[in-house]
Amino acid sequence: MLKPLGDRVLVKVRKEEEKIGGIVLASNAKEKPTSGEVIAVGEGALTPEGKRQPIDVKVGEIVWYDKYSGTSIKYDDEEYLVIRAGDLLAVED
Amino acid sequence: MLKPLGDRVLVKVRKEEEKIGGIVLASNAKEKPTSGEVIAVGEGALTPEGKRQPIDVKVGEIVWYDKYSGTSIKYDDEEYLVIRAGDLLAVED
Amino acid sequence: MLKPLGDRVLVKVRKEEEKIGGIVLASNAKEKPTSGEVIAVGEGALTPEGKRQPIDVKVGEIVWYDKYSGTSIKYDDEEYLVIRAGDLLAVED
Amino acid sequence: MLKPLGDRVLVKVRKEEEKIGGIVLASNAKEKPTSGEVIAVGEGALTPEGKRQPIDVKVGEIVWYDKYSGTSIKYDDEEYLVIRAGDLLAVED
Amino acid sequence: MLKPLGDRVLVKVRKEEEKIGGIVLASNAKEKPTSGEVIAVGEGALTPEGKRQPIDVKVGEIVWYDKYSGTSIKYDDEEYLVIRAGDLLAVED
Amino acid sequence: MLKPLGDRVLVKVRKEEEKIGGIVLASNAKEKPTSGEVIAVGEGALTPEGKRQPIDVKVGEIVWYDKYSGTSIKYDDEEYLVIRAGDLLAVED
Amino acid sequence: MLKPLGDRVLVKVRKEEEKIGGIVLASNAKEKPTSGEVIAVGEGALTPEGKRQPIDVKVGEIVWYDKYSGTSIKYDDEEYLVIRAGDLLAVED
């Protein structure tokens, strides 16, 4: 499996019009942020003092991000997004 | 519900010509800043020393921002804006 | 009323050819800096150490700024400018 | 009078072909730096530690700057330039 | 052999449709990130305090990166990529 | 005379094909770096701690720089260049 | 001779198709990084604390760099490149 590096998060992109908790999501809208499930989380960026900056999201959480953030990776026939944690806009709770 | 991440704030966008406190607001003007109600506030940006930077606005406050700031999210049929606290221009008091 | 956030200042834009102290002001010139009266001052930018950076202007002072600085806000039928204190060029004394 | 803010300096723009000390100055050249007399000096930029950075020029000195630096202000029928001290190239001694 | 400098990593570019562990990889896709094997790792960037920032990947690991990251080098008839460690997106584990 | 400010150096631009030490110099080449003699050196940039950063060149040395670096000044009928010390590429020894 | 300043390195550009150690080098390729021999090394960039940042390459080493890095200098009929040490990609060992 892919392990994101540094302050990056691996997100499984949500398919269009997929329902989560009974709600049809607007992720198919043009020019809109999209959302997905966190699959893996990097160790965090390394500070000059040699510490890791913690990342605010956990595996399994649904995160929202801008359509133009991150880099798409196709791995093992599945569509993923590698995105810096700081580019994530919000998390569902 | 959506929880904004880091130094971000979730704002419920005010509809055009909505009255608040009896005043018709200019939020329908073209190329002008708009305003909305703070729905949720992030934990604040993480400093290199591992502390959270406090955010200057609270849930329920009316904030003003530039039209081009933040990212629109449609969630649960409602229009929101996720915006960095530092991009908020002013708060009504 | 509007309270500017962080290192921002709320300025009431001076009308063209308004006289202050008997002098006709050049604020109607094209592509020139303009001036206005400080109406409210933010708490100052928050340093990483959690302190507020003081702002060099006070309510009531006349400040000058470049035409392209700040963001215009129409509030309660009055024209304001929200501008970062660091973008103010000069103050009249 | 105008008091420049922060690390800014107020310069009275020298007229073209004005003689200073008997020398015809090249300030009328196209696309060339120009020069002027320092009229007022700001308190200096505020460091994060709350100190003022000193400014290297004094009132009365003739400073040289690039044609595209600073912002022109017409005040009380006189042409001034508000320029950051760090954008000044040289001072005559 | 080539030794990458500072925070750089030397990667042997994977040929299109090469199988690794039985999986046909998508590295031949247009405008997609690609992957390769780490051949050599720099000493790490030097901090102002004179320490080396550690690099998160090791020789032999398969790393993924954006198509536009790094600089291609042809050395000894082999195609390599020199890329900053911070531009690597993910590592296979 | 002109005294360069901060981290700047005043250079007397070398005329094309001028010989120095018997060598015809390539300073007349198009799109190439040029060279000149250091006439005056600023006090050095001021660090946030209030110290001056020393400048690596001395009056009288021949320095080389990129054609697009620095700002030309015509002063007292002589062509000078005011250039930041950090933009100087090399010094002849 | 030329002494590079600060964090710069003076490189003697390798001629196209020159053999080093029996290998025909790809330095004649279009839009590819090139290589050359280190002729001189600067003292290193000065940190705000007044120390010199060490440079990772030594005189005599063969270094690789991107075609668009550095500045070409023709000196004493020889073609050189002045390049910041941090722009060097790799060194041959």
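For reference, chains read A, B, C, D, E, F and G in written order, and residue numbers begin at 1 within each chain.
Please note the rule applied: a contact is a pair of C-beta atoms (placed from the backbone, for glycine too) under 8 Å apart; a residue touches a chain by one contact, two chains touch by 3 or more.
Given the structure is predicted, the values throughout are model-derived calculations rather than measurements.
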Request  = Based on which chains touch which, give the shortest step count from chain B to chain E.
outcome  = 2
Request  = Going chain by chain, each one touching the next, work out the least steps from chain C to chain F.
outcome  = 2
Whole-Å gap between the CA centroids of chain B and chain G = 51
Centroid spacing, where centroids are CA-atom means, of chain B and chain C in whole angstrom = 23
Key: Two or more partner chains touched - positions in chain A   = 48
Ask   = Chain adjacency by touch: line, ring, star, complete or other shape?
value = ring
Inquiry  = Can you give me the ring order of the chains, beginning with chain E and going next to chain G?
reply    = E, G, F, D, C, B, A
Note = The answer for chain F against chain G in the complex is residues 23, 26, 29, 32-33, 47-49, 51, 53-54, 56-57, 63-64, 66, 85-86, 88-93
Residue ranges of chain G touching chain F (in the complex, touch as defined) = 1-6, 8, 10, 43, 46, 48, 50, 71-76, 82
